[in-house]
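For clarity, chains are labelled A, B, C, D, E and F in written order, and residue numbers in each chain start from 1.
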Amino acid sequence: MKRADVLMEALPYIQKFHGKTIVVKLGGHAMIDPDILDTVIQDTVLLHYVGLRVVLVHGGGPEITDKMKAMGKEPKFVAGLRITDNDTLEIAQMVLVGKIRGKIVSLIAKFGGKGVGLAGQDGNLMFAKKTGLKRIFVGDKEEEVDLGYVGDIEEINPELLIGLLDRGYIPVVSPIAIDRKGNGLNVNADTAAGDIAIALNAYKFVNLSDIDGVMNAQRTRTYHRLTVDEANRLIDEGVIVGGMIPKLEACLKCLANGVEHAHILNGNKDHTLLLELFTDEGIGTMIHKGET
Amino acid sequence: MKRADVLMEALPYIQKFHGKTIVVKLGGHAMIDPDILDTVIQDTVLLHYVGLRVVLVHGGGPEITDKMKAMGKEPKFVAGLRITDNDTLEIAQMVLVGKIRGKIVSLIAKFGGKGVGLAGQDGNLMFAKKTGLKRIFVGDKEEEVDLGYVGDIEEINPELLIGLLDRGYIPVVSPIAIDRKGNGLNVNADTAAGDIAIALNAYKFVNLSDIDGVMNAQRTRTYHRLTVDEANRLIDEGVIVGGMIPKLEACLKCLANGVEHAHILNGNKDHTLLLELFTDEGIGTMIHKGET
Amino acid sequence: MKRADVLMEALPYIQKFHGKTIVVKLGGHAMIDPDILDTVIQDTVLLHYVGLRVVLVHGGGPEITDKMKAMGKEPKFVAGLRITDNDTLEIAQMVLVGKIRGKIVSLIAKFGGKGVGLAGQDGNLMFAKKTGLKRIFVGDKEEEVDLGYVGDIEEINPELLIGLLDRGYIPVVSPIAIDRKGNGLNVNADTAAGDIAIALNAYKFVNLSDIDGVMNAQRTRTYHRLTVDEANRLIDEGVIVGGMIPKLEACLKCLANGVEHAHILNGNKDHTLLLELFTDEGIGTMIHKGET
Amino acid sequence: MKRADVLMEALPYIQKFHGKTIVVKLGGHAMIDPDILDTVIQDTVLLHYVGLRVVLVHGGGPEITDKMKAMGKEPKFVAGLRITDNDTLEIAQMVLVGKIRGKIVSLIAKFGGKGVGLAGQDGNLMFAKKTGLKRIFVGDKEEEVDLGYVGDIEEINPELLIGLLDRGYIPVVSPIAIDRKGNGLNVNADTAAGDIAIALNAYKFVNLSDIDGVMNAQRTRTYHRLTVDEANRLIDEGVIVGGMIPKLEACLKCLANGVEHAHILNGNKDHTLLLELFTDEGIGTMIHKGET
Amino acid sequence: MKRADVLMEALPYIQKFHGKTIVVKLGGHAMIDPDILDTVIQDTVLLHYVGLRVVLVHGGGPEITDKMKAMGKEPKFVAGLRITDNDTLEIAQMVLVGKIRGKIVSLIAKFGGKGVGLAGQDGNLMFAKKTGLKRIFVGDKEEEVDLGYVGDIEEINPELLIGLLDRGYIPVVSPIAIDRKGNGLNVNADTAAGDIAIALNAYKFVNLSDIDGVMNAQRTRTYHRLTVDEANRLIDEGVIVGGMIPKLEACLKCLANGVEHAHILNGNKDHTLLLELFTDEGIGTMIHKGET
Amino acid sequence: MKRADVLMEALPYIQKFHGKTIVVKLGGHAMIDPDILDTVIQDTVLLHYVGLRVVLVHGGGPEITDKMKAMGKEPKFVAGLRITDNDTLEIAQMVLVGKIRGKIVSLIAKFGGKGVGLAGQDGNLMFAKKTGLKRIFVGDKEEEVDLGYVGDIEEINPELLIGLLDRGYIPVVSPIAIDRKGNGLNVNADTAAGDIAIALNAYKFVNLSDIDGVMNAQRTRTYHRLTVDEANRLIDEGVIVGGMIPKLEACLKCLANGVEHAHILNGNKDHTLLLELFTDEGIGTMIHKGET
């Protein structure tokens, strides 16, 4: 395929997306592999320059665990759920905000964009309340477990994001919210990204992680286009199982609240963001409202 | 070369050109071959969508001659210069404004942009005064020849262009000016395009015609990058000759008046505009101020 | 009547019309008689300067026919309706856009205003679809006739007009629309003007042609003020007949869609526009919603 | 002369004055004769509606004297100059601001405009300092006389005026200034009007009083157009004498400080403002910079 | 209490009131005692500088009566109501607009703000219609009495106020309205202030007079906080009587029309405005919608 | 002193500072003592609400050292200068950005403001280049020491700060810059704050640390007001010595580059910011350009 043809193939997409808002959740290996992150940020900056309004929301679980260990602090899990005590919260904030996010924003600068890092307290962006006790089977006894400084998002104030987007910045949001007294709370990055997409009335929500898209239980098939109805049926019929379900449900929540398209992509492959958005065949899974 | 790589190669150019103004003179076969024109206009619309402010200025000599003949009016030339009498002017305006420009603007619409056609009287865009008598050798006698309703541009008022660019339109300008009494005058399209580039303080001026770029007299060499000094030296040393000289001088005038780069491209080849602007090697000739 | 009294008489009208939009259809002899056109454009520029937002829509039937004959092309009519084949369309566009409209915009410049010429493709101003086959009695046989490249207006996008009016320009619109593929179609100028008035939510629509106003069948009476109800009754009762009916119905359509007043005036008389708008007695016919 | 011709004659003036600022000093009988004031305010509102930015500055000497007498307070003069004691200042303010200006603003409303009354303290419009002692011949002895609460203008802050003009109001200014402590001081209305014209960089300054224009000593000749040089020569040669001189010098000060034209008109004649501004021959005296 | 603590106590109120509109009716001794007025205006200017949008409405009854007597005009009352004949209206306007208001605006300047004086005719701020005949017992006979040039407010046009507030001015309004013909009418200052507060959708309405707040009939108790329901009950139960009732009802009207809080304060005490607004305990009466 | 008097004393300062920009460097115990920080942030929010445009720049040396030790990393110093290796830089960023700054922004939210945290990479705010080798006496040998990832500020881009201030946010800046490749570099917080004050053309620069102001060598005298000349003389004459000198020189640099006033205050005392800015006597040292 010739160079100019690639640009020509992209033209109708560039037109359609012009001035639209896209929220991209960055997760998985992109958070720890500098080459992958480089590629993802290049794509992001290109999206910005061809006219989209881009917001990044990043995760960072693995690196928090690494840093805790480096500081001699043993991560605590109950039935697979992390318990976030005071020290854990502090380390999480330092890693997410002070390390990962700074790196992302610096890369945006390196590739010619202007990023601005934000967390929940900035401009009162995200308020959360402490997640209540969870009933969990620990061994074979059900117990009420306090997950600690973890929150459920209550309110998104998108004014600061909108103001920054209007002036040509690329906001990069860390999954830290505050409660009404100004205390920090960890929040789930997928949920935060989805809620921000809804609050911004975004055109697209993209979840960039380590899987190629929505797959069936046997991993023998990847779905490239799914309607909301189809996605729900696949869940109901047990075709889609396990960790895929919450990712897909986060997408469905966006679509039920005004977002036009949701995408699940593998950030580890080269330039999946561009290939998904600007080529006819796409590369991951796109979920949308209409008929296939 | 892979798709995403093409987009990635384009990224630094897209960044650099963002929000900059480019004036493109459309001439040559593009004016009569619909396939070529299609390609050029696609390129133009893409330039617009990746953030440039694009102004087109079109020519149309051959089609005027055709239409005159169709109307039983014999074009008159003295020593190779067209004499523009009243009928010729009327036909020229009808062809340029009523036919060619309408087609260009319609194509912009077809490919997803919003064009607006303009001539000198629109918003007092271009004032000219009638070109004085020319001393020309007719045979071996020098005579003073009146070229008729042909004008030299005196004043460009770019407010209307700026207002339209600010609101996202692609202006398409025909080479018709008015004198101070409101009468139409034909003007040279290359000159009009260059003067508009200067009046807009454009970043780039592109002359898209039927030649591959600046070439030496023997047509054995095409120059891809030329500084102003080099270009002047090539003219002085007689390396560049003939019809190439006025084209090059129009570029040099732009560069002497604030325009950063001037390009001479062959519109007949596929997507030369994109390839010249968005790839590292380019495809035509770029003249610029600095050292090679 | 003394000078100052004339201005004083105009004051309450000037106040009432301040910042309001008026769409004027220019037709009839004004299109071919330069003295009449001069006067009409002077009036137009004055309207602009005393604070109205003026849009002109021009016709041009007779001159198209002249030019066709000059080009050796015989106009074809079936039962009085013009058949617009490809050549006819091209000539119509060249005459309307390249000749008549240029002259109007140049005159606006001459009298101190700033005009901008537009047709359907400019800023996607007017979309039309090809008029279907018409059942017409040709002789005494009813036939289905294809009128050719003639269109019915489907959509008006007034953004470009509004943007130009906001910046102090006087738009001049030619009755050429485009279909969804960007092909030109002739449209009826009266209809185009009325639809533009509706799309702009204009205060006044003025049809300036060669008749003094709405008259009865015997031409013994001219109506100076008519309510919508009265106008409908005059049509129903057969008092108004013939070519007067479509003109009046175009006015009634405007009034049914938000325009406040519609006027039918004779452009051949000196300064009818000013006299109708700025004097107590008026000079043509004004149709309005309320009671006489 | 026909109605439309009057409007046509006005057109070039309306164009030339469009968006320009005009400061009109209202004095003389207009302040006490309601019919004259009506006419002047009608003219003022028309000026506003045809696109000028109008500021009125009013005087009111005679009515102050009347009201003082009605309040049993004898006006005091030394050698013809009014002595403004505390009571006189209070009465002057009540008459100028509380009575005359309110009437003017109400008339503007009546004729369809929106006036706003202002004095020196409003928005810190005019600061003055108390006029120093004057050496005056009282009888045949020269004495130093304290004129009381009378001030010389030190500073005009036109922001409030500009803000109101931008929003379509007609400011009406009373000749009361404040000193730096906030105390009121009477100022000369002609001087105040001229200084406001200068501070606004006005296009025109008009002094509307009871004389037909600049006349020679014998009152046998009225000058319709005067250049600055001519005016100075007439003063130097003693052709112009008496009370005419300060009026003319106020005009010359304006012209020396950026105002384009200054006019001296008789407000007692019908619509002199309109006739002077919008007709070719004018009716009073216009002083300007250039050659006659 | 330490300095910084005072500012800290004020902080939450300053935050809450930021950008909100407050309308203050100035009456009572503040109108005649320069020391009280000084203090009130200092408070007003501080309110402006800490971010409130302040409008003052002043009264002036006592001084009108004084000035009438000084002019040898006996004030006329029927059953305690002032009869406003033509002379009385003129004197009232001169005193209110020409004297009191000028003093207030000058004081604003002195304390560092920028005031602008307004009455009903300015920018068509307040229209009223003449109050109808009143049935009053004169002695023991009921008669219809014409109160003269007194009006009931019909319409408030807040555009001018809003425009001035937007640009940082403090408007000072005199209780003079105009009828539809431009004639002045006296209006009640309390009513005017309340209606302006409603038209501006103000956050607070403050009535600053000579009483400490809402008191019971025996003047043994002052109410610091009252809900609308409580206030109505106190009136119904006869706890509040006499002149207190109309003042309270003006407040209740504001609260019923969108104003959040209404205050009744004693302007004669030092800085009551600040103490009421910026301290926890307050100093006068605040009436509000909610529960105590 | 009575409450209202405190507010009244503050009024002229509030007026003078209205709309002006103030940059406050937060250092010393405020960074580690939550009560002090609470008070400082309360003051900051009050400054914002009374109309100043406030930017905070925070330090954090002691806490970085603590955290390094907690992570088992021994801080390295050569001749008293910290060597910033890769790990140290990472920890510094995590502490400054991820911990301290988040706490400050959360406190701003708690006290009713809207903060936004920023570092050098956000919006390309601060570029630095690596500090060159320093010649230092290590013991009695002079050596060239590489301080590691420490930078000298080269460029401040204040657009992001200005955009946030315009929309009512309080920016909180961490002393981390980036080099041209996007790598982080520690910068001195005092220098960063001063350079930001200069780039913003701030009215005031405040250095809030643990000393009461500028003192003589014997600490027997604190200077409350110093002109630039006096300050220079005190340095030249050896009256001021030691660590006081760089703090003072940072202030003098600001004053030499357009900042009006520089203050050195003790943040450990209650509300020094308010007392210095809003009371007549002040509490720390103010350095200014003019005569004492």
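Note that a contact is a pair of C-beta atoms (placed from the backbone, for glycine too) under 8 Å apart; a residue touches a chain by one contact, two chains touch by 3 or more.
Bear in mind the structure is a predicted one, so any value in this text is a computation, not a measurement.
Peer 1: In how few steps can one go from chain B to chain E if every step must land on a touching chain?
Peer 2: 3
Peer 1: Taking contacts as defined above, which has more of them, A-F or E-F?
Peer 2: Here the pair linked by more C-beta pairs in contact is A-F.
Peer 1: Compute the rotation angle for the C-alpha superposition of chain B onto chain D, expressed as a multiple of 5 degrees.
Peer 2: Rounded to 5 degrees, the superposing rotation is 120 degrees.
Peer 1: Name the chain whose C-alpha centroid is most distant from the C-alpha centroid of chain B.
Peer 2: With centres defined by C-alpha atoms, farthest from chain B sits E.
Peer 1: Suppose each chain is reduced to the average of its Cα coordinates; what separation in Å results between chain D and chain E?
Peer 2: About 36 Å separates the centre of chain D from that of chain E.
Peer 1: Could you state the distance in Å from the CA-based centre of chain A to that of chain B?
Peer 2: That gives a centre separation of 47 Å.
Peer 1: Which whole number of Å gives the spacing of the CA centres of chain D and chain F?
Peer 2: 56
Peer 1: How far is the middle of chain A from the middle of chain D, if each middle is the mean of its Cα atoms, in Å?
Peer 2: 69
Peer 1: Scan chain A for residues touching two or more other chains and write them down.
Peer 2: In chain A, no residue touches two or more other chains.
Peer 1: What pattern do the touching chains form: line, ring, star, complete or other?
Peer 2: ring
Peer 1: Considering touches as defined, can you lay out the ring of chains in sequence, from chain E by way of chain F?
Peer 2: Traversing the ring with chain E first and chain F second gives E, F, A, B, C, D.
Peer 1: Touching residues of chain A toward chain F in the complex: what are they?
Peer 2: Its residues touching chain F are 70-72, 90, 93-99, 102, 105-110, 114-119, 121-124, 159-160, 163-164, 167, 169, 176, 178, 181-184.
Peer 1: Looking at the complex, which residues from chain C come into contact with chain D?
Peer 2: Listed in rising order, the residues of chain C that touch chain D are 1-4, 6-12, 14-15, 18, 42-43, 45-46, 49-51, 111-112, 270-271, 274-275, 278-279.
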